[in-house]
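The letters A, B, C and D name the chains in turn, as written, and every chain counts its residues from 1.
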Amino acid sequence: MTEFEPKIIAFVCNWCTYAGADLTGTSRIKYAQNVKIIRFPCTGRIDFMLLLKSFGEGADGIIVSGCHPNDCHYTSGNFHARRRWIMFRGLLDMLGIDVRRIQYSWVSAAEGSKWADIVNSTVNTIRELGPYTEYEKVAGYLEKEANQ
Amino acid sequence: MDKEDLSFKVRQDTGVNVRECYQCGKCTAGCPVGERMDLRPSVIMRMLQSGDRASEEEILRSNSIWLCLTCETCYSRCPMELDIPKVFDYLREKSYAEGKVNSQSSDIVTFHKSFLNAVERNGRLHEMSLILDYKIHSGNLFQDIALAPEMYSKGKLHLLPEHIKDKKGFARLFKDQFKKRKS
Amino acid sequence: MKIGFYPGCSLTGSSREYNESLLAIAKEAGIELVEINDWNCCGATAAHNLNKELSLSLPARNLAIAEFEEMDELVVPCAACFNRLVMTQHELAEKEELKKIISEKLQMPLKNEIRILNVLQFLEKHIVPCLDLLVKSPLEFDVACYYGCLLVRPQNVMKSERFEDPMSMDTIMQKLGANPIDWPFKTECCGAGFSISKTEIVGELSGKIVRNATDRGAKAIVVACPMCHSNLDMRRSAIDNYLNMKMDIPVIYITQAIALAMGLSPRQAGIQRHFVPVNLTVNR
Amino acid sequence: MSKIGVFICHCGENISATVDVARVAEAAGQIEGVAFSTDYKYMCSDPGQTMIKQAIKEKGLTGVVVGSCSPRMHEPTFRKACQEAGLNPFMCEMANLREHCSWVHDKSEATTQKAIDLVRTLVEKVKLNKPLYSIKVPVTKTALVIGGGIAGIQASLDIANAGHQVILVERDPSIGGHMSQLSETFPTLDCSQCILTPRMVEVAQHPNIKLMTYAELEKLEGSIGSFKATIRKKAKSIDEDLCNGCGTCTTKCPTKKIPSEFNTGLGMRTAIYVPFPQAVPNKPVIDKENCSYYQKGKCKVCEKVCPTGAIRFDQEDELVELEVGAVVIATGFDIMQPSGFPEYGYGKYKDVITGLQFERLASASGPTLGEIRRPSDGKIPEKIVFVACAGSRDPAKGIPYCSKICCMYTAKHAMLYQHKVHHGKSYIFYMDIRAAGKNYEEFVRRAIVEDEVNYIRGRVSKIYEENGKLIVKGVDTLSSAKPVEIEADMVVLASAAVANPGAEALAQKMHVSYDSYNFFSEAHPKLKPVETNTAGIFLAGACQAPKDIPETVSQASGAASKVIILFSKDELSRDPLIAVVNRSPAPVFSTCVGCFMCASACPYQAIGEELITNRQGKVIKKVAKVNPGLCQGCGTCVAFCRSKSIDIQGYSNEQMCAEVIALLNHE
């Protein structure tokens, strides 16, 4: 039997983590294929409904990564993101989504190897947690949200 | 690294990668016995890097590895934080096991062996038996002859050794420990 | 208050006075040091020079015993023993596999969690707090606090700050009224285990230490390690040979210093057992 | 119905070695809405770009996805190509198949599959892209230069001489920086101040340069072409217009025992002081921490003796707001305090000093007027030991890098010592001699051969004092690692060059990135050495990494030319990736409910109100409105908007959702 290959989306900011991931490439550091990156201008841009959407669409795990505190290209975007993330965790519990399925981290443009570590460790965590199956629940919730 | 290289074995046993050494010599500079060594710590690190068999043999037969006091000064000041004393521990054990101990160091090794004999016998070190055992094996019968009586008079020497109770259990620890050694 | 106590071989023999003075001051402070049952030699330098496994199994046995006796603290006054025990605990904590092997060999469970205290840590924690009350006759003279290697190195395991210029012993001596001098040989090696096999090396290394302390006007060298003590005290003739002059600076254990400051008799402090006569009343 | 073109690049072998590019192109062809799909060896090459342009024209493509390297590398290239073919540049997106795929994975089915997913994701995005038109910003042709060392001085002069306004901000009371502290300079041994001070004066007198000393950057807002900088002018407690720099106050000030920063603590200064005789401006400041009036409330001697009545005890810090178009960071470096070296006894032994302190000893303007005398007793050292790499190349001390300048200045120090103390003996403990530079190697050879400086290859393990001598325990690794013990009278530690203590905070104020040692990061290690990753902010000198004077000066001129190029245009165009509030026909006008959560979240105060009125001019509705001039496009407002009325062009909710869906549903 083949090992479960989790589907993981990474929402990263353009200035720190995306550049950091570029550096991982230029330094030829290898990591698992499971993680695919979507580029945002800033973690502050990330509407956490998108995270739910991703689970609704069958993601098994998510990485959100941006600039370190105080290093945000837009001054404070990453702070807003952090605050919203804390509120968002509550919602996750409510929907019965294991918080460990979301890896929230900071990776600067200089931290190529750190990015590889985060990807690999996340992949392992999600492997242990197994596939995420309750999309309907989330999808339902999202509809309600939309109709309001 | 070639699996046959001594440096490879060192890395396996101690986790120290000798390639990290950039030969600044700070270890040697601070070594209390550096002056007396035939191969100084930094030189030994260099020779390990070379992977040259002859050099490796020279290391195991050197006086230096036995002169090392394991005072850890080198380790505490190494810019690369290389645990040289640990490397030396490994080299000593190997040198001893392969019967390559340098003749000038024989008395040091004899002392260590006498020490362990004394411990093996009683579970605790009985200094009197240690000194006697050492004298017999090293042949320096008259060394320290002056010291013993005074120690005795000051109550620092017991004539009879203390023994530990659990002899069997204790003996287990020594079982097979020195079989490897060629004589 | 009960605390586990591992004397180690030297304290039963060549450094009895260390043992005597330690127990004496503990008694004064109302602390009971409970000798762990059927302890064995830690293997000292010999073991880790010749045989890695022994260098771990010998100390480990003592740790296992102490844990079996449900001690959560173990005082190890001999710096050499302390070093071996701590290094073993460190090594086994890092290598789970090795810990299993050793524990099987011992046929004893090994949690490897007991807190091991060297004499300075013990004094700081349990004696210093009550010194203000207990110090009767302050030692008002210059002393050179000598730490040697094993209490401070390797600093990453010993967690020693200022490993080049430690102060813990100095602070204690200050509390006893003494004036610790600032000198550069605090952590230089005395020759350690070569006392018998390479006496001339001990003569040189200890010689430099004794000379520097004397030059800087110390009236006594204070130590916390039997090996250092026997090298600096019992090997004085070798030292004098190296320096070719007679050095008469006495070498006392920190515990003896405390005992004297507490007003205990020199005999209770085991002063009479020294090779180099201790006469510290001179410049009171 | 969109017609997307997909172009997969081999990047030589960089991508094709691990990704089956042909299959990626083929799979892309299957995606609905893809009208053309191909792969080619070098898409960024001329033929590659032509291929894209032709496809756009012939197939009438409405969007383009290039699967190649990181967009941070070639997005401008391909967008330009599209534009030239008549396609709106913002209809072109890039899938990062190199940095995020081929370089980080081994050749395998999964790797190719990932490449396909990435391409599909961008295809789905580009389908929803809308033509955008870049925003024009006017360029304020005034440059802000932060730091008045040789780097800042050079940059300021170059920019000013090109006819642009410069504001030079310096933290200390005088410009000049470390260079003004140096004695002679390698490899020519010409006196540092002799070559520097004319430049300092030129700065002071230049009509285009506004000098602000004793001042620091408080805040930086805006973006390239139009920054808003807030400068804190620290109170000097004097009226600069009245003060004529006569110096009576400094001679009369009773508080005389303050260690002089300029003389690295080897000399003393007064509480009201000019850091050094050639200071620019040559007017004093009062050091409040040490002034007895500020501390104890009485004295005021300076006020009494001042002939022009220029003393102002009640003066307060002043905040000045400036409009600038570009910024040059030239804040320089600091040296590691070797107190991290207990084994060397720095701080414990007076005669163990740093290289910078030696510069002051050797300097004609220094505390000993250029005579080499040791601090403890003023004795001329007969034997002197220099320790190179004191902190540098020492991971255990947290500094694995090479400080680059020490090899040369240490050779210079030993040379100067030999010139001044003929009978003296000098030793240098080193690990390697790094003398790459014009006439550098020759300089070092001269020190060794002609001035008979003794180089010993090995590190020093310990330095301690024994009856008046410093015992240096070193080693000679070139003769069977023989331990060497030297009884020296003085020891000089070539302590590592480190980033300025304030560097990190400054970087954060300006949103430029910095490395793990707090040196500012250049935009590209090779091709953009003076740019930062924030457009319009440039780097000069040792704030980016340790540098010697020639390098610093050339980088400063480089930074200056970048500023001048920027100022050669009257307006810049900026990416239109900014927020917009949706509008819809009456009677809705906009789904915005006017809660202004967005405004509270916006870091740039870019969101204001818009009043919607009926024909009678009666206000019907109040909605948010984004000021495109101020918006930087971070999108924080979008995440905050509950009614989904505000969105980012190019990163719209619709587009992001499309990406998510495309990425996850591939079977």
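Everything that follows uses one rule, which is that a contact is a pair of C-beta atoms (placed from the backbone, for glycine too) under 8 Å apart; a residue touches a chain by one contact, two chains touch by 3 or more.
Please read all numbers here as calculations on a predicted model, not as lab measurements.
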| field | Pair exhibiting more inter-chain C-beta contacts, C-D or A-D | value | A-D
| said: Distance between chain B and chain D based on Cα centroids, please, to the nearest Å. | reply: 53
| task | Starting from the mean Cα coordinates of chain A and chain D, work out the distance between those two points in Å. | result | 30
| message | I'd like the Å distance between the centres of chain B and chain C, where a centre is the mean of that chain's Cα atoms. | response | 22
| task | Give the residues of chain C that touch two or more other chains, as numbers and ranges in rising order. | result | 163
| query | For chain D, which residues are shared contacts with two or more other chains? | reply | 343, 462
| message | Under the stated touch criterion, can you name all the chain pairs that qualify? | response | A-D, B-C, B-D, C-D
| Mind pulling up the chain D residues that touch chain B in the complex? | 343, 389, 393-397, 431, 457-462, 473-477, 480-484
| request: Using the touch definition up top, name the residues of chain B that touch chain C in the complex. | output: 13, 32-33, 36, 66-67, 69-73, 75-76, 81, 83, 85, 89-90, 92-93, 96, 107-113, 115-116, 119, 123-127, 131, 134, 138, 143-144, 146-147, 150-151, 154-158, 162, 164-166, 169-170, 172-174, 177-178
| Complex contacts: residues of chain D adjacent to chain A | 70-72, 96, 98-100, 103-106, 108, 110-111, 113-114, 117-118, 121, 507-508, 511, 513, 515-516, 521, 533-534, 577, 601, 603-604, 632-636, 638-640, 648, 651, 653, 656-657, 659-661, 663-665
| task | Spell out the residues on chain D that touch chain C in their complex, using ranges where they run on. | result | 342-343, 345, 348, 462, 464-467
| said: Per the contact definition, I'd like the list of chain A residues that touch chain D in the complex. | reply: 5, 7, 9, 15-16, 18-19, 21-22, 24-26, 28-31, 33, 36-42, 44-48, 50, 53-54, 57-59, 70-77, 80-81, 84, 108-110, 116
